Structure formats: structure tokens, C-alpha cells
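What follows is a single structure, and I will ask about it in a moment.
Chain IDs A, B, C and D follow the sequence of writing; residue 1 opens each chain.
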Amino acid sequence: MRGNSFGTAFRLTTFGESHGPAIGGVVDGCPAGLKVDMPAIQNELDRRRPGSTPLGTARKESDLVEILSGLWSEAGQPTTDNRQLISLGTPIGFLIRNADAKSEDYAHLKDTFRPGHADRTWEQKFGLRDHRGGGRSSARETACRVVGGAIARQLIAQQGISVQAYVSQVGDIIIGTPHTELDLSAVFSSDVRCPDPAAAERMTQAIEHVRAEGDSLGGVVSCVVKGLPPGLGEPVYDRLDADLAKAMLSINATKGFQIGNGFGAAAMRGSQHNAGPQGGVLGGISDGGDLFFDVAFKPPATIARPQPSTDRSSNAVTVEGTGRHDPCVVPRAVPVVEAMACLVIADHLLRNRTSRS
Amino acid sequence: MRGNSFGTAFRLTTFGESHGPAIGGVVDGCPAGLKVDMPAIQNELDRRRPGSTPLGTARKESDLVEILSGLWSEAGQPTTDNRQLISLGTPIGFLIRNADAKSEDYAHLKDTFRPGHADRTWEQKFGLRDHRGGGRSSARETACRVVGGAIARQLIAQQGISVQAYVSQVGDIIIGTPHTELDLSAVFSSDVRCPDPAAAERMTQAIEHVRAEGDSLGGVVSCVVKGLPPGLGEPVYDRLDADLAKAMLSINATKGFQIGNGFGAAAMRGSQHNAGPQGGVLGGISDGGDLFFDVAFKPPATIARPQPSTDRSSNAVTVEGTGRHDPCVVPRAVPVVEAMACLVIADHLLRNRTSRS
Amino acid sequence: MRGNSFGTAFRLTTFGESHGPAIGGVVDGCPAGLKVDMPAIQNELDRRRPGSTPLGTARKESDLVEILSGLWSEAGQPTTDNRQLISLGTPIGFLIRNADAKSEDYAHLKDTFRPGHADRTWEQKFGLRDHRGGGRSSARETACRVVGGAIARQLIAQQGISVQAYVSQVGDIIIGTPHTELDLSAVFSSDVRCPDPAAAERMTQAIEHVRAEGDSLGGVVSCVVKGLPPGLGEPVYDRLDADLAKAMLSINATKGFQIGNGFGAAAMRGSQHNAGPQGGVLGGISDGGDLFFDVAFKPPATIARPQPSTDRSSNAVTVEGTGRHDPCVVPRAVPVVEAMACLVIADHLLRNRTSRS
Amino acid sequence: MRGNSFGTAFRLTTFGESHGPAIGGVVDGCPAGLKVDMPAIQNELDRRRPGSTPLGTARKESDLVEILSGLWSEAGQPTTDNRQLISLGTPIGFLIRNADAKSEDYAHLKDTFRPGHADRTWEQKFGLRDHRGGGRSSARETACRVVGGAIARQLIAQQGISVQAYVSQVGDIIIGTPHTELDLSAVFSSDVRCPDPAAAERMTQAIEHVRAEGDSLGGVVSCVVKGLPPGLGEPVYDRLDADLAKAMLSINATKGFQIGNGFGAAAMRGSQHNAGPQGGVLGGISDGGDLFFDVAFKPPATIARPQPSTDRSSNAVTVEGTGRHDPCVVPRAVPVVEAMACLVIADHLLRNRTSRS
């Protein structure tokens, strides 16, 4: 009802405000007997955390995941360097302590609504909010998605499925190469998470440029799923692409989703469209081919410039960012897009186990 | 689990194969005491049905809705011309008989998979399928969405909310005018469902042109929601825009969704994006402004030309459409997009009743 | 949310008022490829319908089920005498027309609340109600459960699971024999649905006696499930016994549920209780043994005597039953208890498919 | 799907193994703006914890709840002695560290299944288990229900609803007085949680007697809900009594549930039953009167005597309890029964907000 869970058979529930004691979550539905590699989970978290790329925020957050349940070791309690934990089939509870929270930085925002943020809408909905760091509306929540997604990834990897996202657009710089011609293993060795070196170079310059100007830039994250078996997706409402669309639009700052030819399909003829790849789904069900989709992100609303806004009493005020924010979120959004895709696929893999008698 | 229901508090479950005895559905969660205007529901259904516009298929389907439960009249059983039925708070069951089904037209498809259709994926999932008219993968299922959406519309209209969609692109013809400058009351008086007369004229020609060539065209449906109160949307996963994205991608033939500036936001700077409208949502919660979004549709896969495909034994075959299909689906998709939007909003209106103590 | 669906992976949604156009339902989640025997479904429905036993109401309702979708025949539309329909994996929609509704019989109840009925509470909840025959609060709704349960039974029978209920108590007459010593195949050849001939004879007399006096009697239905594999049940909330308890208490007129030694276990010592059978579940998970439970039914509230009650304006009134009601519901409740048990087990069989990786 | 969540609009998800790092949970759906009294929550937890009554286990567990999110204080992070925390409308995450876990006590159970426990069924379901202290099948999980229930209690108390349980039977000692004549405020001043002093005295002796003999006893917990408004409960499946039945049968060691006259109703006549109270529900909807129900608990399976069992290889073995277990669970089950009842009522209070338009 309240919307803090995602998935049906493989289900992630998250909690936590940005500057509260901790954020965390519960994965319910992970089948028993899965070998879980904890350093791999922490590695994914490291790719998302503030400070992971020089192009992002200067805030450093260590974001160490602590497993509270659901994973088991003969040797005793689960530890973060164990590569052989076994899932028990019970809910996997985890938390990440909030360490670097400088709540006093936000005192001036207690009665002020930042432009382009959820401050006002959140208060309109609930009548109050935790204003420190955006509270629960902060993108910090996505760290929990990365943990859940990393577990999902290890489950679907058993079936040979891989999920790889990358930055395909920053501002008006668009990667020219289709995904089939990219070396996707190079994504995380690029600061901007773009596997095309020439485009990456120009994206980096564009980000540094707007940062210097106290402004921000939007972008696009693309994602490719390989090894997907045919038959995943639950018609007619829980189609694979519909669930991916929801997953992606549930990420902070996203404004659009397209699969296969996407909005480009609107300008095509049937004879032309039928001849090409369909993006990996037909009728909402995976067709055995590569699945690929794009996610549009708006430019971060917090910029290092004075901006007009209003306070709780509707007075005009001026708001200025602190400079500890990302000038462009797409590099750090790459592991989040992957995580959400892994969650959707894990969910549909399990759901599909009941399709035949 | 299996995916034939949509919504949480206002929930539509549908059933039915295209050429089976009937299609239908159940609306669970409509509050008691709503006055329901049956002719208005039938009117929305009429706008979707084959034959509703000269630009669509030549098939005629009368698509008469029959109410089985949940609506009440002092005078006796509910009838389709009653404008004063009252909802009981109980599930509203309804059906639409399948009348014009020419199943023999599909006999040649029993062992053949049409290109660009769900025939093969459906069979890969379930091991068998009803091949007649696409079975449950047929867009005929969307008639049930229109019925559910029409009830939802009457619920949200009580709060002053209106939902209006229109065709904004057909092939490479794109409406030039923003929605704020369009006369949206003119949508259904245009055969192509485009309120800009000049664009409508060109779109009509483009559709007639591809029809004559035995081909088809894609397009975009845009949608505007006015009167939405602030506070709707359930962070962090069931955001209003995330649920709209899922709703739209669950419609047959859709390939993309964007809200507000959408993919255009990727190329913008923060200073620029903050200054404009956000599309009606901030942080996934409605902000009290107009909500607007676009939905991309691919060109219909069935065209009146021979196309290469495969049969169940993976032999190469040639498939040819019968000519009874739409050359472009967007005109008839307009009421479906509206219906799904109404369902999402009705659901979130009810869910939001529990946000404060 | 509103509560008209039951089950998670195998899910029944029902609709319909007692005297509206029809009652019906949708089974979502039945796996594809199940052979469905329609006469067997109708047979179960016949066992529940009014008039099925001389000990019940004198009302005759034919209760013919019509399949609208989800079942498939090479030969054409599904028919009620086909023993070889195949499930498509799509939702199975069905309806039962309301034929024998004598709505005028209920005109005097429009503003009056019958004692012991849901008339008043229903109106307190929704602000209005369909008073004819109890509207949706009528036990007529259970016919839809029998249809859903009959499909579930055919699914679980594939795994060798059988479900058999019987009347074990009517008023103060209690069957003396444990279920292990009863010939459960004889249940439906007994009018009172009791497989112990001596007890059945006394129960029959007791029912005829209260009928003659214009009164009614309560009773107990017991149920045995054989062939259940170990491992069904989802700890910690969706235990097999917890879901059975909910299923049974959701049936009209039920007041209690117990499994294994039930309330008798409260008076036992651990050394004694451990030594006996546990009722088929341990920790909420089936243990591979026979599962058995009991369901208590109150005496029907409608009796052929004047009873004091109140009307909508809280005036004291006298209400009298028409004599067309059951003096004891347990004989006709036997197929309903079985149906709900079949639904729970089918659901858990499917859910358990995701327990291991 | 996997069953670790309870409730729809007010939803508790729990996690944790008995001897893992921690147990905990997430409450999603608590409306914003509720004043939360933390000491009151801890107080309820104290009533459930081992060592809370001299009649229970000798194990001491401090069971301190730590709030991780969802509750807010102007003064900074939420603390356990704050009586004025405010709910944010966001998920309330919490945990309880496992402190007193003597895992080595359970080493001998790694390959052995205790009689009357879930050891074997859990392993049959998942293929493996955490054997230490019963892992997730341990009643320790109910501490999380008490936390969730304590929050729910504070929500429903706003509407004037109170929930009070007590021990009404231990072994063959049954309280003679109906709840209407008991001083329910005296429950927790009695070690055995029975408000009838004479019965309490005899129950205490009975428990001490079986403890001395190395055996255990079953019992019954009764519960009274006062101040319930009419109209709660969602027909036809999520009736208030059906959801209570599920809630109670989901508690460890329960074997039965009855409401109102319960199994006693089976022996009654309609004329007699109609004249008395209905237990607070009619047709599954609250009627505005006191709601009362009983829950049967079996005797604890772990006793301080050698008992025959089997190991993983099906060899016959002898198992002996350590003496650190409760000889009778009902005194410590009282707060758990209350917690589950509070959760059900909070859920239905919120759900009912959508019943009328």
C-alpha cells in the first residue's frame, strides 16, 4: 500500500531516512541454497557511493553493508568478506549505517522547499517531513536497492543471465555506437561509466564544465541484458517491459524509459520495425534475444547557484546548494539501473516457475 | 503472481481470449455510493472498438458491456442506459461477448508464429496457446481496461480530476503545439484523435498512404491530467510516475514512456530544467500542477504484405496479414491510454487516504 | 484491499450479489496444460446447491457454471460436458446466472436488519446495501468458491493429493469415530454428509426435529487431506495452518477452526502431545502426514419464528423467516470447506516451487 | 510470496534467525503524524521476553529495540526513552540484537530433528536450516511482532480501541468467569497472566508441577477488543474474524481459534444463538460490540526428558531438552496475541478508509 516494497516473488522492502540512524532493507523470496559472495555485494555498493567517481559529489560515505539474517555460514555469523555464504530461504535483513550525515548543513532547509526537489510534495502528502538531506526522498535510499539487486544478480547469474548498464548520453553528448559494438566490460574502468573512450572524454569535459559553472546536466543510462531465457514476463499487466519501466521510473530523477527502438519506433513503418530486433520482448514476454532499454535522467535540481523558491509560508526565498552534490547523476546511477533490472529479472524468473503444470 | 490484475486499492482483474466466449473483468475497490453513468462507459468503449474511426480496421465489433454485479438500482437489475446506478462497494463484474470472431481466418496460424507478435513467446512461456486472433495476447483485452478506466474516471471526476489523451505523433509527423495551447475538447471529433487540425490532416494522409502500400506506422499518444491534488504517489517504489510508466508499457505495442521533459531532460542543464514545469510530479508525488506524459507505440506488426517467419518446427514460412488490421494503432489507443491513467489515479487517490493519522 | 480475492499464486477473485444478474469469478494462476474435467466441476457445484440434500432449503437453484475464458478445446468453445479441456495459463473467467431469485420476498427487509445477519454491519460499512437475499453477504457467493476449488482440486490431484470433508457434529450429536476409521468415500451418499451411519441417522433426526420446531442447529465439518508432500507452507505468517484458518473463517457462519488436537491440545502435556500426530503440520509446514482440521458453524440465523430486531431508524420490529432456509448448514457446507482447502493447497503447491534455487 | 509479511495497509515484515546477528522488522503503512511512545513499546517487549515471568524459561534476554527509521524527533535521532516521537509516514525499521545466544548448546541438534518441532519440515522445505535455537522457526521471531503490534496499538488507541488478552486455560484448569466480569487491568500483575486470582493460583501450581516433572502443558489465551467501531472487515475473504484467525494460527504452537461462541455454537440452536452476543462480528464485519476470541496453544514440544526422534539419516536417536525452555507458553504468549490483534485491527481501520466515496 505505502509503496516501500518492490517485486512479487523476489521482493525487496527498504527503509531509512538519509540522516536517520540507518538505511536498510529486507529481501524476501530469495530461494534457499544460493551461494552468496559478500565482497561482490560490497563492490557494487562501492560503485554507487558518493566519492566513487571523481565526477560526482565530494561527499565520502563508506556505505558498509551489514547482513542481519538470511545468510548462513557453518563457521558462525555472516561476515562481509565471506564468499561462500548460503541463503537459508528466510528473509535477508541488512542495514547500512548513516555515518557522514552533516545534519546541521540542512538546518536552513527546515522551513524551505528546494526547487525541483520532493520537499514540498512530501510535506503536502504527509503533513511533515525529515528535512535533513531530503530524508527518505534522498537518493541515498538507492544504496539499499543496490544491495538487493546484487543478491538478485547472483541468483540470475546461476541461469547465465548478465546485466550491464552504461552511460550513453550526458547533456547533448550521445554515444554513437550501438551496444552490440561496445566493450561492456570497460564500463567501470571509465569514470563517467561510458565504454566508448571518445564519448567518455567529451562527457567528462561537459560535466567538469557545468560543475565549474555551478550548474548540472542530465543524461541517459542504457542497459543490456544477455542470456535471458524466453518466456519471462506475466501478461497482461506484469509484462517484463512494464515492470522494467516501473522499476526505472521509481529511481530518483528519472523522466523516461524506452525499450528496443523506443520512441524511435513511433516514426517507423511496420515492414521496417518487424525486420529489426524487438528489444528482447514480444507481447511483454522475453523472446530469448538481448534485452536493451534506456533510462532518461533529469539534471540534478541542486546546483551551486542561488535559485528562487518558497518557504512553508509561501514567502519567496533564495536557496543555494552547498556544492556537495553531483553535477550529473548518471555515472553513479549505472549500478542503480543494474540493480533494479536484476530485481525485476529475478522476480520474473521465480514467477515463471509456476507457468506450467 | 500471474499478472492479470492492475492496481492495489482500486484493482482491475481481466480475463478473456480474443475468440473465446467472452472477455471481461472485475473492478474491486470502487468505494460505495458512487453514481455510475452507464452510457458514458459504453461511449468510451465505442471510441476504442474496431470501426470507431475510418482510419482503423474494417472489422466491426459492437463491444457491448454487460454489468453483472456491484452496481445497484432501486428499479431492478442494472441496465446499460441507466445514468444513476449506485456502486455497492462490492466487486463490479462485467463482460463483453465476443461476437464477430472469425476464427477460421486464423486456422493457418495454428502452427505458425507471426513476426513481431507474441505468438512464439506466448508458446515458449505456456507450452501452448489459443492462436485464434492472438488469444489473450490480442489488443482486444484493452476493451476491459476501458470499462475499468471509465468507472475510475467517474470516481476521480468527483474530485475535479480530468484525463485527456490525444495523438501527438504519427510516423514522422509531430504535432508542433504544446498541450497548453491545444483545444483538447476537439480530440474525439478528429478521426485521427489529434486536436491540431493541420497536423491531423497530415497524419490522416500518412496513415492512408501506408494502408495503401500494405504497410503500417507507429506513433505517440500524449496525455494531460488536470485538477490532480498534490500528494498522490507512494514513495519510494509506487511513485505516481512509476505506476503510470508501468500502466502504459502494459498496453500492447508500446515501447516508451516519458513524463514532463522526458528524454529531453537528458540534454538540459539544472538551471534550465528547474525553471520549467516538472510534468506534475516531484519525487514521485503529484505537485498540484498539470501532469503530462507521452507514450510511444510501434507500428502494427501485422501488415498486408508477405513477411518471412517460422513455424513451430522452425521451418521458414511466409505470413501475410488479412487486411482487417489497423495500419496505425494510435487513434484507437487514445481511450486505452486514458483508461490506464484513470486507473492509476483512482488507485492513488484511495491509497492516499491512509497517509495521515 | 477490498477483500474479494483469495490466494497468492493460485488466486480466486469473485463477484456477484445473490439477486443480481449473476455471480462469478476469475481464477488467475492456474498453470498451463492442466486437463480440466468440466462435469466434475459441475458435480461439485451440484453438491452445494440448494436442493442438493433433503435436509436443506427447499429452494431449487440450478447453478450452472459457464466458462468464459482460460480453458481451451481444439474442437471450439469450451462446453460443460467436455472432460478434456486444457488450461491456457490465462485467467479462467466463469459465471453462474441467478435464476430463482424471488426478490419480492425480500422487499420487507429493505429497511429492516435481520438478527444474526450481516444486514446492519454491511450498511454500517458501506452506507448502503443490496438487501435482496442478503446481496453479496449471502452464502450464495460460496458457489464461486466451489468452482474455483474444483479447478484447484484437479491441479493438486495431479500430485496425488486428495481432500475430503464430512459432517462430524450436528447440535450435540458428535461422530464418535476418528477419521482414520471412517469410510470417507461414503460421505456424499449420506444426506447429512456424515460417513458414520449411526451418527448420520441421529443427525438427520435432530435436523428434522428443529426444522419442525422452526428452529435451526449448528455443527462441525471436519476435513482430511491425504497425500500432501512435506514442505508446503510459508513461514512465518503464511503458514499452511494459518492460511487454512483464514480460508475457513472466511466461509459464512463459521465461528472456529482447529487443527490436529486443536483446543484439546490445551489440556495436554508435552510428553503426551509429542507422541501423537500433529495434524499434518509442524511449524506451519506440512510434514508429509495426513492433515486434519475441524470447522465450527453456528446455527443459521434465519429461523421460521418471529424474532425481535430493529430497522434502519432503530425502531423495534419483528422479523420472521420465510421457511426457505436451511435448518442446518453443515451438510451443504461440506463442499465449500473442501473447496477452500483445495484453494489453499493449490496456492501453496505453486508457492513452494520457488523455495529452492 | 515467501510469507514474511503480515497485513495489507498496515504491514509488518520481519526477518531474523534466533541465533543470527539480529532479528528485526519493518512497519510500512503507519500514517504520518502519530505520536509514538517508545518506553511503551519497550514495556510490551519486556512482557514477552524470556525471564519476564518466573513461570517461564530461565533464559534472560534483554531484547532492547532499536529504531532505525520512520520516527522523528526535533531533538535529533530517535531514542528509546522518548515519549514524543512522531511517525513520518515512512517505513519504521527496527532491530533487536541477539545477545544471549548460546549456539554451542545446539551443536548436537545440527543433524538431529527434535520431536514436535519444525526442524524436519523446515529442512524438507528449504533443503537446509540454521539449527541454532530453531533458527527462524524459533518463537523468538514473535518479539518483532510485539514491536509492530505496539506501534499498531498506539495507532488504534487514537480511535479509543483497546486490546487485552489473558490466560483463560492452563492444562485442564479453566477460568470460570466470563470476560465481562473480569478485572482485565490485573492481567500483567499476575505471573501467569490470569486476572482471576483463584484460577491463577491453580494454574501456577500446575505449571510448577509439570516443570518439576520435566514435562510441559498447553493452554488457551483469550482476548477482548473494546471500542471497535462498526464496519471493519473486508468481505468476502478478508473478514475481520478470518484475518484474526490467520493472525493467531501464525503464532508458534497455536492449534485453534474461535470467536464468540466458537465451537460451542455448533451445539446451539438458532433461537438461542441469535439471542446472545455474536463475538463482535457479523458477516465478517465488526458490529460495534466487544469482540472476543480464544486461541489454543499446544504444550511446548521441548521437555526435560529424553524423547525418541530421528536424525537426518533417519536413524533413531534420543533428544533431551536443556531445561532452559518454558514449561507452558501461554503466559508469555499473551503480549503476542495482543500484538497480532492490534496489527489486524490497525490494518482494517486503514483499509476501511476507502469503503465509501
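The working rule: a residue touches a chain if its C-beta (ideal position, glycine included) is under 8 Å from a C-beta of that chain, and two chains touch if they have at least 3 such contacts.
Fair warning: this is a prediction, and the values are worked out from it, not measured in the lab.
J.: Of the chain pairs A-B and B-D, which one is connected by the greater count of C-beta contacts?
T.: A-B
J.: From the centre of chain A, which chain's CA centre is farthest?
T.: It is C.
J.: State, to the nearest whole Å, the distance from the C-alpha centre of chain A to the C-alpha centre of chain D.
T.: Using C-alpha averages as centres, the distance is 38 Å.
J.: With chain centres taken as the means of their Cα atoms, state the distance from chain A to chain B in Å.
T.: For chain A versus chain B, the centre distance works out to 28 Å.
J.: From the mean C-alpha coordinate of chain B to that of chain D, what's the distance rounded to whole Å?
T.: 46
J.: Mind pulling the chain B residues that touch 2 or more other chains?
T.: 1-2, 4-5, 8-9, 14, 29, 32-33, 89, 125-127, 136, 350, 354-356
J.: Within the complex, which stretch of chain D touches chain C?
T.: For chain D paired with chain C, touching residues are 1-6, 8-9, 14, 115-118, 120-122, 124-127, 136-137, 141, 169, 171-172, 210, 215-220, 230-239, 241-250, 252, 255-263, 265-274, 278-279, 281-288, 294, 296-303, 305, 307, 351-352, 354-356.
J.: Quick one: in the complex, what on chain B touches chain C?
T.: Its residues touching chain C are 1-2, 4-5, 8-9, 11, 13-17, 20-26, 28-29, 32-33, 66-70, 72, 77-78, 86, 88-93, 95, 103, 125-130, 135-136, 350.
J.: Under the definition above, what is the set of chain A residues touching chain C in their complex?
T.: Checking each residue of chain A against chain C gives 1, 9, 29-34, 87, 89-90, 155, 158, 235, 350, 353-357.
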